[in-house]
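The same chain A turns up in both complexes below, where it pairs with chain B and then with chain C.
Now for the complex of A and B:
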């Protein structure tokens, strides 16, 4: 399908977030699917790849959430950056607070897709479809973001580390709406890295992408966030690598140990964009590059 | 220092009006085929085979026809007539009759009231297949000719060419150095922005009109008539401006026949528009080629012999394959070549989307192998690669080893230009590690010398209509596909008659309105259509001159056409504005009009296939590429390309430069990014613009287009082609630059990061193994048994 086929679906908007949660819950209870449509950059493509449905097959209800006020907006209070689930990447990359306090997020949004995709795509949407190749989700992994979700049962926060359970699987309940993401901002001036290895310089899905955030105290890294796209069935959080770096002075980190940790954290595959072997090589190289910038002799 | 302006600018041929004529293209005002909507128009959709090879047992359209909005369904039985662009090898049906030969082969077609219903109805056509074994790669086709489209033996061979010129074996034996290499050129697609589209309408008088995104309206006209069994007098083909083609639209396709047939059945207009995915499966793109090549040379750099054995992956149908197979060898003998030559090329059928002509048809692949071989020879002999080429250049006004007649030849100036502009002498071999320069050269035809179907009629023609208001309309059968042929004609007419460019209109690509031209292929437009146009313009010019001479009472030989007026040579104060001259001529001669045509002289070698590669003129190109190779990631970046091209005469420099830049850009993309890869299951690996990697503006190197003008004696005002030639050296120039930067040879396309990295690692391992071997004083184990991680030698 294309966007032009959207009228084939039942479409509506909800008056409020509570009303939206109500619609989703009611339909879920009846076993009916609801699609929350923000930018549609993943969902529309997925529909194209699905086998054609017969005229009699039920189509999901599509609720347009792109204009819902409660899901939009970017705010920062007391070191906490909150980005509405339906804020677009274009809004993110242009937001003064993001540029100043979360420059890695701005850098990621700048390299994501074409300007048209940036103008439609959202973090909420990428979290919902849960592709391990999503650049935005890798950045959230590095920030150890919390995902704010809401349902008729109330609101809760899912730490990023507890979100993804398998390929396109998550701990978010089917009736929970993604409202926002929250990031505990690292101190201003903290080192960061956004490194996308794509098939071309722009408008490419990553072969490997690394998001990195570090807080350094003399020869040690005291806070480290890493997120990597396109190297495992879920967004890789590189826990072994983080543990290695946090466990010893930067000067005691060796390239071999770092490489081994990275390899234990990822499980890449061969596909049209790259090979398993090249992804392993690139993953090691980009992590080494970040640690080298931080002062490790790797 | 001489005047740095280009000669064409000095003649005042073009000015800011050039941009006026191009403006509709860039401001979205051009109406493409898909912009046409006719009343009561139906939408068509082709049902395609999901199997790479299958017998069609049964087709049942009951469910599709029952769907509301579906008007008609047709199958192969409705058009049981083979077609093919080459008259000797017709092997396609508009819809497959008995066998589907690749995933995506057309087996049925639906017409419905809107596009969505047509797409959904196509899924409801039930086709029962008996799946057959498939050959989905070249090696299977070579090793197991009984699998796939053949029954064994040579049955799956589409075409084989075996030509030898001189005693190759003796020449190789007497050579001081022989470079042997195995090269693999990956297939690639054209990726025009506009996908294929066709609309057909049968009017009350029985006239069938077909609008198509074709590059060859005349051949389409003939094939529609033959396949539909309708007299050509009842068919009109209109080719609206095309949104990019690059060779991918130079033969008839299923959609044109299906639109026409469905329009005849339903009595309503029918439109087909290929999706991007269908575009990749319709294909006709660059042939993958596996080339084994030996090139020999004497110690002084004189080339002795070239010996090539090539296997060509043709895909499921013949397309232009007969010609492709010749082109895989015939054009190598220019601009620098050896004393003896032998090539044997075999095109094989595979169960894949059919390959065809893409910009630089068939000759880009062997050019890669040959120019890389030359680079290897230059290294082996310690001769600068530009000097090596200079030592072996074929001179102007001569005949090549394989019988190609060469007239104008600006390759020396091209080499000089890129050598100077790139700072070659100061920089080659002296750049820091990871950065390198590479050079390559090529030659290309300005139109193939013979029509696809043998006939004695002109290859190209125009009619000129002269209006007394001062407007001249050119009616031309040429196909405007974005390459600027309409502008080329306007420039020639304006220049000949002293008109402003805005006073020349061009009507092209309509079989009812315009005389026959064979089409936009083989870089024939400027040379052939341009000459036809000049002939007509000069006839009009002579009438204007005669009328003005009479009015001013001077000798016609003293009347000169200048911009805007015809004046007396020795007294320019006496003159007549062009519009007035036109009116005087109309009064004197009656209504003004003229026709012009062009046909080629008899050319080509006196042997079977000797006419293929023959052309009335050849263009010449030299590239220098500068690359950086990142040893950590294996990423190659092309930093700069200097491309010098001998186009004879730049009738419109801005278009020539655009063609040179577009060619170099497309070549660089094939070198580094693009891969038209079909998996063992017969499926395309990425039939969309996300996964099929055409470069974005960020991936494009800095391009420097250097125009060289050799003034061809037979070309229109000296012009030759510029649309395809400049692509050829891109790939080997980049390959050679990679070697200069990183000392690795990548003899397989594309030069992807993974492939480059693997080569760098292998080189490192080999060097370390060699170091260990030498440190062990000859008692080392054989290299294959060396420890996997030998210690680095200090």
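Now for the complex of A and C:
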């Protein structure tokens, strides 16, 4: 389907989340695709790259979820931040609780796209598109967030560590709707970093982006979350790097050991935005920067 | 599909396939060609309009998604005459070839509605999604700063 085919599509809204799950399930059972459209910042652009639709090609149904109340809203209760899948990045960066208790998430949302994209883009959309270059998903990786999904079979939570299985592949079933993300809030004042390396500050897809959140106790990091965009087929969670940092006092972490751990955690490629070698260099540099902020001699 | 939206303060109904881009609906059947198409893929900001008060790229919004919502285009800022914000762009050299100007005006309007006294950095952030190939941006920043000052002096009415 090309852009010219867009008017051929049907679009509807669902009366409720349950009704939406029903539509998706019924169509999936018949082998028909359903597109859940939120901000359209990926999907609409993708249509431009596709060849015109043949008469015999299946026509996906588009369901507009951008205004669905059950997928929106940002709430915090008992240390758990819940962000609706269709809440926009603009809503995220302006939300007082996010600014106060999840400042890294607010910083990420502020640097994602430009305001026009922030006003439309959503975490749910980035999770569904499942690009390893998505800034928002890197932030969720660092928070070790849970993804709340729902289908006619019920609701479940997918831990971030169990979400991604390969390039744009995930453990979410085709009939599961992304409802929200949940973040267990770190203690107030926890050190964090959002560092995006791109061509310019706005409207740049990251060459490398690092999301970091740490809990420190004297000379040790006792909890560490890391997420890195654009350095592997999936959002990198930098498990070797996390293990290294947690295994010894900050003062005993060396730059060489840290660099080696980072390189073992990533598998960057050459593409239109950057090169494999530059991404390796930048990945090491941004992780060193975060650890230096935390007090490691790197 | 019949879609009812509030367009520049007036209730309008259009009957269009729901995935027609808001940009095409505005420039075609809705008769408002002030919104320009630049890149058509959400990069350049030429087609910026306000959707419920927030700036969005009209090339990425489907008309069906506008059901029940309020859209403001550049015509809504100035009709029937040049508004004070646009006048500042004229006076301070903020417009040259003009393709980016409607989008710049909308992004500036969205900023000034929230921040009556923005810093230059806030102005630059607000227009970071609007590409201009003529001015080098400084004159646009000057225009918006001046519009903010005039608006404050007029008690927010300008």
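The rule we apply is simple: the second predicted complex is superposed on the first by the 289 of 298 C-alpha atoms of A that agree within 3 Å, B and C clash if a C-alpha of one lies under 4 Å from a C-alpha of the other, contacts with A are read in each partner's own complex, and residues count from 1 in each chain.
Following the convention adopted for this analysis, a residue touches a chain if its C-beta (ideal position, glycine included) is under 8 Å from a C-beta of that chain, and two chains touch if they have at least 3 such contacts.
Here the structure is a predicted model, which means the values were calculated and not measured.
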**Message:** In the overlaid three-chain picture, which partner chain does A:162 touch, first (chain B) or second (chain C), both, or neither?
**Reply:** neither
**Message:** Just to be sure I read the superposition right, which of the two partners does A:285 touch: chain B = first, chain C = second, or both, or neither?
**Reply:** first
**Request:** Return first, second, both or neither, reflecting whether A:199 touches chain B, chain C, both chains, or no partner chain.
**Result:** first
**chain B versus chain C as contact partner of A:252, first or second or both or neither** = neither
**Asked** Which partner does A:33 contact after superposing on A: first (chain B), second (chain C), both, neither?
**Response** neither
**Message:** Counting residues of chain A touched by each partner, does chain B or chain C come out ahead?
**Reply:** C
**Item:** Contacts of A:272 with chain B and chain C, given as first, second, both or neither
**Value:** first
**Request:** Using the superposition described at the top, list the residues of chain A that contact chain B and also contact chain C.
**Result:** 8, 201-203
**Item:** Contact footprint of chain A on chain B as seen in their complex
**Value:** 67, 116, 120, 123, 632-634, 673, 677, 685-686, 690-691, 693, 695-696, 698-699, 753-754, 757
**Asked** Which bits of chain C are touching chain A when the two form their complex?
**Response** 1, 16-21, 40-43, 45, 48, 51, 54-57, 59-62, 64-65, 67-69, 107, 110, 125-126, 128-130
**Asked** For chain A, which residues count as touching chain B in their complex?
**Response** 5, 8, 52, 55, 197, 199-205, 272-275, 277-278, 281-282, 285
**Request:** Would you tell me which residues of chain A are touching chain C in their complex?
**Result:** 3, 6-11, 13, 37, 39-41, 44-45, 48, 62, 64, 66-67, 90, 113-117, 119-120, 201-203
